[in-house]
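You will see two complexes here that share chain A, one where it goes with chain B and one where it goes with chain C.
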Partner chain A sequence: MDILPILASLRRHKVTALLLILQIALTCAIVCNAVFLISQRLHRMQLPSGMAEHELVQIRLGSVGDGSDAKSQTQADVAALQRIPGVQQVAVVNQLPFTEGDASNGDLKLKPGQQTSTLTVAQYFGQNVVSTMGLHLLAGRNFQPEEYVDLDTALASLNNGSAQGFPQTVIITKGLAERLWPGEEALGKTFYLGGDIPFRVIGVVADLARPNQFYNGIENSILWPMRLTFAEGGSYLIRCAPGARRAVLKAGLAKLKELDPGRVVLEKRTYDDARSAFFAHDSAMSDMLLSVIIALLLVTGLGIVGLASFWVGQRRRQIGVRRALGATRGDILRYFQIENFLIVGFGIVLGMAMAYGLSLLLMQHYALPRLPFGYLPLGALALWLLGQCAVLAPALRAAAVPPVVATRTV
Partner chain B sequence: MFAYYFDLALRSLRRNRMLTALMILAIALGIGASMTTLTVLHVLSGDPLPGKSAKLYYPQLDPRDMTNFRPGEEPPEQVSWMDGMNLLKAGRADRQALMAGGAVAIEPPDPAIAPFFEDARLTTRDFFAMFDVPFLYGHVWSKADDGNDARKVVLSRRINEKLFGGADSTGKILRMGGKDFRVVGVIDSWRPTPHFYDLMTGDYSESEGVYLPLLTGIDMKLPFNGSRDCWGNDTNVDQKTAQCTWLQFWVQLDTPAKAAAYRQFLVNYSRQQKSLGIYQRDPNVHLRNLMQWLDYNHVVPSDVHLQFWLAMGFLIVCLVNTVGLMLAKFLRRASELGVRRALGASRRSVFAQLLVEAGTVGLVGGVGGLLLALLGLWIVRMQPSDYAALAHLDLPMFLATFLFAIGATLVAGLLPAWRACLITPALQLKSN
Partner chain C sequence: MTMFTYYLELAWRRCRQNVPIVLLVVLTMAIGIASCMTATTIFAALSGEPLPGISDHLYVVTMDSRTQGDANDAAYDTPQSLLNLRDAKALVDAHHADSQFAQAQSLAQVSTTDGKHSDRVIGLLGYGSLLSTLGVPFRYGRPWTEAEQTAHAPVVVIDATLAEKLFGTSDAVGRSVTMGTGTFRIIGVTAPWKPRMQFLGLTQNAGNLLGQDMQFYAPVGAALDHGVGPLNTGKCAKSAPVVNFQSTHVTHCRWIEVWVSLDAPARASAYRVFLTHYAQAQHQAGRFVQEPKPRLFGTQAWMDRLKAIPGDVGLNVVLAGGFLLLCMINVAGLLAARFLRRQGHVAIRRALGASRRHVFMQHLVEAGALGMAGGVLALPLTWLGLWVVRMQPVAYAAAAQFSPGVFAILALLSLLVGLAVGILPAWRVCRQPPALQIKLA
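Let's look at the complex of A and B:
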């Protein structure tokens, strides 16, 4: 099939063809970038927390009174929760990965008296946290019972200007260890937080994502051996088999209510729910992007169908003449298919340039990475496919035009 | 003439239903998507206190030590207890309020309602007058109450309805955080959008349910809501003396001259603090008004901007699509238009006729777009954001949708109509 006659005929519909090319180019540019944006969101949503996510349940209580007996109450709560059938471990923890709200952060220094802090770490603490979260200990050891201090005594000693009441040891993530001491053994090393309080690394875990503020480095988390109570904002974190979570949550709430009905339940959820709530924006945004992609392809596809149908109707007589002169149905079908392939091709070439320009704009205004080149051929392929599907029905209708049309006047 | 053109347009549109439907669908989808996102953007970037916002200012001071110092750096976004109290006591502005976010456990008088936690605003009394907060019952606590740990509370309409069934509850006793408070006032529904006075507790969060005198709330050590930024090696964590910024301080300055004077006052204050050895940095102050403060904080989420531009791109594709279809359609009717021209219709009236046809498509597309925008906003309200509930179409946006749809389609119709006018009548009559 010769391309030149097709181009010659397109030149007769210059404006219409150019409009179609423009539309395809815009669609290509937006779709490529939108698909890339979706992939960015999906990547974010799949970030690992480092915990045994599908085995965890969180309950957070608020104290209505002054919380003076919170320590013994917390102990009683933990003991009662542990007795619930199916419960494997119970922890009290100050914060969880991938949750909104106030997080405990500290400026970390490698030397005391350093003028500018090295980085900002997320500070996790509580009872029995490492094993309940299911953190993977790569080196060193977990905290020993005698290392634990109470949060209120630690804070009181800080207020008196002494760090003696504060924990001396810390467990850090592998990612943080590599940031602080690249290529070195982190165990036994010391860093400083707050008022130059030293902490010695006794263990390294594989992963523990920070609650939020990922610009500070998602992997920069530390753990302290420090006990807190529910009244100080501690959550009960319960580990059980994935299938038992709903039952354990219900039984746990009933048990806590029985122990003290005067408390307010601030949070009751599986960790999976907490995580999806945190990423709900990303999931909504990718849904929105996906619907825009579908709507764009739909409008462009239908636009191609409409224009092609129009052209077929307009050219019925010419088609009849060509058929009468010996062109087969296949020739006619291919003519429209190649015509569409060419138009979409021009659109894609223009569209790739536009996609790249759009990506530069997005980089500038929304701090997004550059569109990887791999997305361009993918977008091209998708649009070519769309064009061929859209043109098929009108082209088949064109191929069905009988040669006898040539002999008729309109 | 218009009625005749309209009739012609309807006939023409009816002749090729599939193509007409396609054009209307494209316009409706494009308008629906762009109006949905535009409405969200309009709601989120609005002025929370129209008419008042230009007089409200947010002073920023820089009490930090020299650690992490970078020249030209922004001062902290909040103030420390000491600075807040000093500025409050200086009283140099027409009105001023020092505040913080907190939470308080409420034990309802009706034992059938379980105790619950409610967000509280701990503030000095000018908050209400300065932000034009409407009172339903009662009034704010007295000036003396700001300083004497008074157990007085102002409730929101929502909490008053929950606790007292909406009745005038002033004078009643309410148990909060284990202490007895006297209700002195109830405010009417009030939700400034954005939650401008404290962006740390959520850019678009709802207004708090209870309002307590600042000192009362602090002395009760209520749970704190917000962000606390500390500096220095001091390990002190006491709220009043720690080297931390965690309060918001707002002032009302009625004239630009007063604003300039207040800025100078802040510089002088910083200089004085430095000479006393309390500050280490040179004066580094900012005095932004309300809208500047929102701008500076990029309150409108970047996703909302992104969605808006995405929808605009989609609208452009839809319009290009419509232009192409309309062009094909008008050109196909060359012979019909040729007859009209030959019978004496001027080029201008043919142009007008075609534009009426384009406008009709725009009108129907606009109705479709409006329905789709309502659907789109309903979907937005299902979304998990603080601002979701605010996404409603107001009257100006409602009218704008129609004007926008018709305007866009008319623009889209210009090129096809112009091209169709250019045909030579004689040529069209001769062929076939």
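Let's look at the complex of A and C:
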């Protein structure tokens, strides 16, 4: 089929054809960027925490008193929680991956006395953390009971200018190990935190994501053998079978209330809930972007249907003449399909430039990465498909125009 | 005017001839307008001054006031507004700004002295002219005086909601409440008050976008004496940032913000000089171990810096704007096709004496009317859109409220959209030479 006659006829509908091209270009630009934004959000939402996420329950209490008996209280709490049927492990931990709020972070140095820190790490500590979280130990060992120190003694010794009361050992993530000592064995190596306190690596776990501040490196986390109490901000982290979580949470809260009714429950949730709360914005945003994409494609598709219907109506006589002169129904059908293919093609070419421009704009204002080129052919394909689907019904109607129309005046 | 109604009548008659396309046009415009209105309503609710007329004069003080090498604190790469109470008091007491105060949020159990009525409420611990600088409106009584503040007198200001809950009347001045371990005398009752957006204590209220009602205001000295501490102890020297809920052991912690009100930019630069002097003096005296890098941020700059308004809100406006543009192009295309299809009618009108201007106006009226119809349909759609956003688990959900202002803007927008999409097709149709068209017809 010859393209030139189609182009010639399009020139007679300059305004409408241009508007349609512009519309397709705009759809292409927005859809490409929106799909990319969704993929970004989905990627964020699927980041691994490294924990046995579906088996964990978190309870955090606030103390109203001065916390002088918090240590014994914490011990009693843990013992009571452990006795609840279905509970496998109980930990006290200072923070959890993917949670909002103040996180404990430290500046890590590879040599003592180093002027600027090598990187920032998230510092996890608490009792029985590695096994309760279900972290996957790749090398080395877990902490031994004698390695644990109390948070308050460690801080007190720091205040007296000594690092002696601080733990000496540390477990790090594989990602951090690879960043600090690429290609080398991390076990047994030493790094320094804060006022040049040395820590020896005794274990490497597969993953443990930071609570937040992902720009500092999501995998840069360390674990200390350090005990803390609920009054020092520790959360009770309870591991149980996924199906038992609700019951365990309820029983745990009742138990803690029974032990001391004066405490305030600051947090009570399954880890899955904590995680989805953290990513709630991302999930809401991807839903919103998805609905924008659907609305755009729908509007554009309907627009194509509408315009094509007008053109078919307008050209009934020409179609009749062509049919009378020997054009088959297939010829007429193909005419409209190729016409649509060309218009969408022009729109896509313009749309790619616009997609790129929009991407630059978003990069500037919303700190987003640049749109990868792979999205452009995908967007083009989607629009061509949309165009062909939308034009099919009007084109079939055009093909159904009988040759006898040519003999009528209107 | 008669021409106008005639054009409307013409438009009405034409529309009845091709109902599906007219519906498509109206619906497309309605969806475009509604999505744009939804996004801009939220954006408008979250932009502008948190306290109109007041917060634009307010500045927050930031400096690296760490007193001893803090094992757990990252390098001072972002300005920190949380200060030690000692520094906060010194800055407020210096009276170098037009007015100044220190504040931190607190959560307290406030009860009547007989313990019969009680409520757990959010409030502010303050130092300096907190209430008058923020412009909190008083119903009864007065803020605390400097003498009461220095003497750590147990006085408190509560809001009318709390007063009614505790005492059954909002005029509670002179009565007493129990907070922490102490009995506080009520010296003032304010009207319910909250800023439009959270801007005080932003670093400790991440994700809490919209302001919430402050229900009590207590001078910080008396509050700490009686076991009423800040919601968050912030960062404490030489320790992990231990968050000890409601702790009053905050001597070595940085947890309170200093805000100053400065009327003129010149005053701000003068205050910066004062601030630098103060911080450097502390640094030289050995209290601040690091270079303090003191800075002063205006409210808006501070909120921008901490990304108080999520980027998603702006992104939504960009997307919705793009969507509306697309809908408009779509409708313009449909209208152009629609108008051009009746060239015959136009030619007859031209031949009977209608000028190009008349033809142009006629089509523009039709487009405008369709735009208004789209606007009418957009009204429930906008309401629906805002409702959907309110159902979302996002921090700005509560900002998605329908208001009369929204209605007015929507009406204007739909008319403008209708006219804008009509201009090109109307111009196109009136350009046709009449003779040719008659022949075509």
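The definition used in the following text is that the second predicted complex is superposed on the first by the 408 of 410 C-alpha atoms of A that agree within 3 Å, B and C clash if a C-alpha of one lies under 4 Å from a C-alpha of the other, contacts with A are read in each partner's own complex, and residues count from 1 in each chain.
Assume a contact is a pair of C-beta atoms (placed from the backbone, for glycine too) under 8 Å apart; a residue touches a chain by one contact, two chains touch by 3 or more.
Predicted model, so just to flag it, every value in this text is computed and none were measured.
Three-chain overlay on chain A, with chain B and chain C in a clash. Of the two partner chains, neither chain B nor chain C is touched by A:Cys240. Residue contacts after overlaying the shared chain place A:Ala395 against neither chain B nor chain C. In the superposition on chain A, A:Gly262 makes contact with chain B only, not with chain C. In the superposition on chain A, contact of A:Gln115 is made with chain B only, not with chain C. Of the two partner chains, chain C is the only one touched by A:Gln123; chain B is not. Using the contact criterion defined above for the overlaid structures, shared-chain residue A:Ile30 touches chain B and also reaches chain C.
In the superposition on chain A, contact of A:Ser104 is made with chain C only, not with chain B. In the superposition on chain A, contact is made by A:Leu19 with both chain B and chain C.
When the two complexes are overlaid on their common chain A, residue A:Leu249 makes contact with neither chain B nor chain C. When the two complexes are superposed on chain A, the residues of chain A that touch both chain B and chain C are 15-16, 19-20, 22-23, 26-27, 29-30, 34, 37, 62-64, 66, 102, 116-117, 155, 158-159, 194-195, 197, 233, 264, 266, 277, 280-281, 284-285, 288-289, 292, 295-296, 299-300, 302-303, 306-307, 309-311, 313-314, 362, 365-366. The touching residues of chain C, when paired with chain A in their complex, are 21, 24, 28, 31-32, 35, 69-75, 204, 206-207, 232, 238-247, 249, 310-312, 314-316, 318-320, 322-323, 325-327, 329-330, 332-334, 336-338, 340-341, 392-395, 424-425, 428.
Partner chain B is touched in their complex by these residues of chain A: 15-16, 19-20, 22-23, 26-27, 29-30, 34, 37, 62-66, 102, 115-117, 155, 158-159, 161, 163, 194-197, 233, 262, 264, 266, 277, 280-281, 284-285, 288-289, 292, 295-296, 299-300, 302-303, 305-307, 309-311, 313-314, 362, 365-366, 409-410. Only residues 15-16, 19-20, 22-23, 26-27, 29-30, 34, 37, 62-64, 66-67, 94, 100-102, 104-107, 116-117, 120, 123, 125, 151, 155, 158-159, 193-195, 197, 231-233, 264, 266, 277, 280-281, 283-285, 287-289, 292, 295-296, 299-300, 302-303, 306-307, 309-311, 313-314, 358, 361-362, 365-367 of chain A touch chain C when the two sit together in their complex.
Only residues 18-19, 22, 25-26, 29-30, 33, 66-68, 105, 107, 114-117, 177-178, 223, 225-227, 232-238, 302-303, 305-307, 310-311, 313-314, 316-318, 320-321, 323-325, 327-329, 331-332, 383-385, 415, 419, 432 of chain B touch chain A when the two sit together in their complex.
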